[in-house]
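All chains are identified by letter, namely A, B, C, D, E and F, in their written order; residue positions are counted from 1 within each chain.
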Amino acid sequence: MKLIIAIIEPQELAPIREALMEHKIYKFTVGNVLGQGLDLSKHEVYRGVSYDIKLLKKLRLEIAVNEEYVSHVVDAICDVARDAPKEAGRGKIFILPIEECVRIRTGETGAVAIG
Amino acid sequence: MKLIIAIIEPQELAPIREALMEHKIYKFTVGNVLGQGLDLSKHEVYRGVSYDIKLLKKLRLEIAVNEEYVSHVVDAICDVARDAPKEAGRGKIFILPIEECVRIRTGETGAVAIG
Amino acid sequence: MKLIIAIIEPQELAPIREALMEHKIYKFTVGNVLGQGLDLSKHEVYRGVSYDIKLLKKLRLEIAVNEEYVSHVVDAICDVARDAPKEAGRGKIFILPIEECVRIRTGETGAVAIG
Amino acid sequence: MIGSKYILFCSILFVLAITGWTNTVLAQDEISAATAVFAVNNLWLMIAAALVFIMHLGFAMLETGLTRAKNSVNILFKNVMIICIGVLTYAAFGFNLMYPGDFNGFFGFAGFGITPGEDGLTSAYNPGYTYWTDFLFQAMFAATAATIVSGAVAERIKLGSFLLFAIIFVGISYPITGSWQWGGGWLSEMRFYDFAGSTLVHAVGGWGALICVMLLGPRIGRFTKSGARPIPGHSMPLATVGVFLLWLGWFGFNGGSVLSADPGAVSLVLVTTSIAAAAGGVGAALVASLRLGKPDLSMALNGILAGLVGITAGADQMTVLDASSIGLISGAIVVFSVLMFDKLKLDDPVGAISVHLVCGIWGTLAVGLFGAKAGLEQLSYQAAGAIAIGIFTALFALIAFGLIKLIFGVRVSMEEETEGLDIGEHAMEAYPAFQTLISEQ
Amino acid sequence: MIGSKYILFCSILFVLAITGWTNTVLAQDEISAATAVFAVNNLWLMIAAALVFIMHLGFAMLETGLTRAKNSVNILFKNVMIICIGVLTYAAFGFNLMYPGDFNGFFGFAGFGITPGEDGLTSAYNPGYTYWTDFLFQAMFAATAATIVSGAVAERIKLGSFLLFAIIFVGISYPITGSWQWGGGWLSEMRFYDFAGSTLVHAVGGWGALICVMLLGPRIGRFTKSGARPIPGHSMPLATVGVFLLWLGWFGFNGGSVLSADPGAVSLVLVTTSIAAAAGGVGAALVASLRLGKPDLSMALNGILAGLVGITAGADQMTVLDASSIGLISGAIVVFSVLMFDKLKLDDPVGAISVHLVCGIWGTLAVGLFGAKAGLEQLSYQAAGAIAIGIFTALFALIAFGLIKLIFGVRVSMEEETEGLDIGEHAMEAYPAFQTLISEQ
Amino acid sequence: MIGSKYILFCSILFVLAITGWTNTVLAQDEISAATAVFAVNNLWLMIAAALVFIMHLGFAMLETGLTRAKNSVNILFKNVMIICIGVLTYAAFGFNLMYPGDFNGFFGFAGFGITPGEDGLTSAYNPGYTYWTDFLFQAMFAATAATIVSGAVAERIKLGSFLLFAIIFVGISYPITGSWQWGGGWLSEMRFYDFAGSTLVHAVGGWGALICVMLLGPRIGRFTKSGARPIPGHSMPLATVGVFLLWLGWFGFNGGSVLSADPGAVSLVLVTTSIAAAAGGVGAALVASLRLGKPDLSMALNGILAGLVGITAGADQMTVLDASSIGLISGAIVVFSVLMFDKLKLDDPVGAISVHLVCGIWGTLAVGLFGAKAGLEQLSYQAAGAIAIGIFTALFALIAFGLIKLIFGVRVSMEEETEGLDIGEHAMEAYPAFQTLISEQ
């Protein structure tokens, strides 16, 4: 079992979600984060002074899957990004090992619990 | 050392917190997330059109503990859930390995630093 | 590759960010969390009744790095904290193994993708 | 002194009025002057009605600001409906219950609907306003009584049950007690004095609130074994908007209650009203700072309202010094009262009972303690009036809300309360775009 | 009945006015009375102008509340600019287009700029107001027409193109159709009746909105294959503030349209206005509850506005019962209309077309169905007027907005729309401090 | 032209007033007319006072919106207290310092407290208002001076020190300079002209703000080595509400300063006021767009206020064209001024110094450049007055705030500033329910 953490652009959530569904991956968790990366910071202007916002709004996806699905998830996410212009700041995917997974409702554990 | 990530229903935070305290687990971190799972999406109505909200509000708990406490945490969380009706969407627990832990204040590391 | 998760005090983000930059670590992700730890809870007063806020506002940093940078990151964070008074509640660092890392934009993987 | 000038002014108006308008063509000189004075008076009363209207926005904002985000749609909806239903109910029967004309002094009813009589649009109806203006001003007043209840029962009451109670309360209870004094009933004959309604409006609303809160019980988690636990309101800016608008509206509430634009009387009332409001704010802020260590904004806001409610019964009878004293004391009272209701485990999210009931009674008594009417005799009338109206209103509310509780239930389910009434009653969120914090800690 | 008294009142004023002011020193008795009446009338009109001004804040809040946080700066900016540009444009040429004096009944222009004639500041100009008051009241009206459009096109229109359209619309289209009736043109001769502008202001704004929405297309994601998908507004408290302020402002909008402070006429108008608003709110809430299962706050709010727009054409002609019927029907209409426009895939974020166009037409026709003027003949005039003005305005908007679309484009880019117009057009956020939720689900 | 009519109107009133009210019974015809005119005038002044009152809500919202969420309770509390304390202080001694009756032209004091003299409630006191109305209108004015300071020093000043300064400033400094002109002192004899207070209110508040900002220093992080770093305000909707309410309030501020309801004079003033506001908004938006590339909402809002402050000194002296020019220039000035103060490292979160001081001086000078009084001589009086009052106020503020700084300190601790004054000074949050973003980047 792996935990896939993906930092993505906010507007890509909708297409990624669809791509995941096509790969029969229905469960995930998403949160708001700010990220600093390679991407150019944004300019905003306030009362005549423009300034850089260096921490940009990103989404952080968490998808726990069994081994065999890892590549599907990675592909789904990268495919969506591929359609869009190749600017910096498109995000990262980190894959971490999960030792155990529990479905709270039933107490089931392991591979069956994840989906 | 393990990192226990639990996605729970917002209203279960209070009882879970108490259950953890009873098991002498005092430290944890919690954040807002949205989750998509098995649970039926919610209906909301706006200006006469009802629509589904597919990403539901959940909380994400992070509890780092030494090995021996893992089962306590899992039990504490599952027990609370058990008292409530068995609907879908009660959430998941993921257990990940931690390689090292540092208490920022003192620089202590390892098992002593975690609590 | 390691994922460094640091729970820090909100006002320490700015100096930590600078310290990281000095160590040539430019990329990280940060989110809002609430934490319960050793630190005294805060008192707020509302309509004449004072009450404790036990979940305090913290920030959660995620920094993925290659092995050799781990100690830099830990040092950078701990150094900043060192300058400040030694009160409880300064936070924790957890280090987790990353099995794989993907740069979404290019599909690159592994050590090169992380930075 | 003012009183006599005011009476003089009114009697002149009345003389002019009678000789006036109707035989316009005959005596043009006199008439036009009377016409002008009537137009000024009526204009002021219309504007006063608009100002009292804006109090409803004030209440809506105050109540929304002092409660949780998850119940905001519900509170806004209640406040919007109260003014709508209030105006319609008052037109349908409330007005004619409150002003039944000649009656036995306890209960009278002049029939359904509103129509001006023959002279309804001239100064023969009243030297200060037309029939329509009269209705509008009174209707805006009436709806405030229900709004007061709305804040106290927020965050846990069933929408339907509340609206039902509001209709009965605005439509029947408020007009009946109102008729005792403003309708020319037995209290007014007894020489009870309540200039703009410390008792007739505010304490009446407050009694309704108290009874409902008692029958309803506190919000989940409000009182624990270890004592009261505050449930902070979600927006201090909204609460502040509410109080500023209420102060503004009170210019119409008290100023309009002069029932003419008489320069001396109205301007005095506006000054006493503002002085009392200011003193109430300062009083509450000071007491809160001393007693609780920190200057609490929500207490200062309640203090302003307390001062306003406190001066309402005698706004035309007080000197500036009287007004400051009444306001200052109101401000102090409200802080202690809020703490007391916490002790009594009566959960009033916005402090409505402290502001409107406690300070309403205080303001009523203050007419016997300060100002032109001060004296033991007057004080006894004031007490008698406050008690009589209190008993009637509390009983009425007890029976009405009790029956509603029996028949329909008054409280939303625990799940709904936890999740928020916005989703439960309206399937809608007030702030769908904002991340709200974990509220239950 | 009221009508005749009103006419009497006005003619007295006029007689007094003519004999009045100018030869002040000669005949002091008469004069001073006329002076006073003129001052009261003018005072009311000035206050009415201030109340109509506050409607612009109401619109700004309503539109902001019912749209997304990421477009708030843009909507606020548009509303701020509309009132600024509106007042200036109306001074530059709008006023003299709308009130050209003697003209052919279709189009006239009295020249650029505004200057009071010799008698402009006395009752010889008008027994109800000075030239300046006249301008101010009318200017505040004019700007509302553009504001109505602003809400319907929110969240996707280019700022520059919108402002250009607003200038042309307020400066040219609105005054021309306005001159047909209020300027003394052909419609007024035909005996079309539109007391305060159900057609002349609201339907005109609504037609503009409809055409723009058609040329602009819906917001991204608003209509999917599976049907309409709502895009919830981000702040119900702001939307509620907006509606309360609009109701308040309508006291000036309708009450000021009496064009004097005549006690009977103005107070009647305020009562019918409030009754219709209240009935509209109740009507919409009921219909929404029955039809959709839940009492929808945003529908109740729209219902109040619908009632207000519905009564506007005949506010001085209705009894209380008429007003409640008109309001109730308006409230029902608005709910079905919102659902209908959803079916038609016309995306109107705030319901402006349903409120102002649909209920504006309904209100205009209602003058032929209810109240003192009811009758088939009048109904036909009403229909004719509504149609004539509709055709002109729709065509004008089509050409103007069509040309702007061709030349400058009217729609922001897809990226900008997704990211929000605040960043795109203003490089600024409305709420930089708050965490907003993931909106695109 | 207007001036003369106005004087005629006033003298008639005065004659009527003297012959009027007191001997009512004898000469009923004349009297009643005088009564009516007096009632209208007084009514307008009371309403104007209410409108100026609402400016305090406007300021509260503007200041809250343009600062950070973590300091909102503090700013709201300051604004609530300023109006409360301001009214009380002005009653206690401010009013009698500002209007000492006959005095040496520099300093006079008519004693503590307020009581109307024998004629205080009749037109014998003043043909335009009663003593009470006079007090109320003036008290609302006075408090604005302190509110102006409040915005400039936001987000870092100690609550207690600020309130102390506000009391001294409203109670002593403002009335003294006020007495020089409006109290009939040396400036008024010199023929300095300041219709409604570009200098007497706005520049005075602005000088106070400037001195305090200089003694207080900028907010942490506002100026870095690489230049000014903006600290965005947390709510543009609140800021917009604030500006709309301020514009509304200015109808009373300027319109009420006619000191009667004279139709011509008041309506002209309302028109020039609105035109200048509109032109100011457009001017600032244009300049900001050209200079900075994007139409900045906060600049447009400041521009409206700049236009309003700019027209205030000569609102009754200008033509529509003059008013637009003054407004447009004010709008341009305010943008450059905000940028300039950024260069000077003077940190003014809401732009109060640019709006009130810079445009206050500009407006004062504009009386010598535009309109009926334009001329070199008048210009020199204007400059002299602006300088004299500036020197006095700046010195007063320097000494008062300097002493407070020495004795109590004026700045909160670094920790408190970082964490927010809401927690530090009030142990309370403005928005406890919402997730705020990481602000320090």
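Here, a residue touches a chain if its C-beta (ideal position, glycine included) is under 8 Å from a C-beta of that chain, and two chains touch if they have at least 3 such contacts.
As the structure is a computational prediction, the values presented were derived from the model and not from experiment.
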item	value
Neighbouring chains common to chain A and chain F, by label	C, E
Any chain in contact with chain E as well as chain F	A, D
Comparison of C-D and A-E (more C-beta pairs in contact)	C-D
Separation of mean Cα positions, chain B and chain A [Å, integer]	19
Euclidean distance of C-alpha centroids - chain A vs chain D, Å	54
Whole-Å gap between the CA centroids of chain B and chain D	47
Sequence positions of chain D contacting 2 or more other chains	29, 32-33, 36-37, 40, 43, 47, 232-233, 235, 241, 293-294, 296, 298, 426-429, 431-432, 434-438, 441
Interface hub residues of chain B, defined as touching at least two other chains	30-32, 34, 44-46, 50, 55, 96-97
Pairs of chains in contact (touch as defined earlier), listed by label	A-B, A-C, A-E, A-F, B-C, B-D, B-E, C-D, C-F, D-E, D-F, E-F
Chain E contact footprint on chain F (complex, rising order)	2, 5, 8-9, 12, 16, 29-30, 32-34, 36-37, 40-41, 43-44, 47, 51, 68-69, 232-237, 240-241, 243-245, 247-248, 251, 255, 261-264, 266-268, 270-271, 274-275, 277-279, 281-282, 285, 293-298, 300-301, 304, 319-321, 324, 431, 434-437, 439
Sites on chain C touched by chain F in the complex	10-11, 13-14, 30, 32, 42-46, 50, 59
Complex contact set, residues of chain E against chain F	24, 28-29, 31-33, 35-40, 42-43, 46-47, 49-50, 53-54, 56-57, 60-61, 64, 72-73, 76-77, 79-81, 83-88, 91, 113-115, 120-122, 129-133, 135-136, 139, 159, 235, 238, 241, 425-435
Touch list for chain B against partner chain C, complex	1, 3, 17, 26-32, 62, 64, 96-107, 113-114
Of chain E, residues touching chain A in the complex	418-419, 423, 426-429, 432, 435-438, 440-441
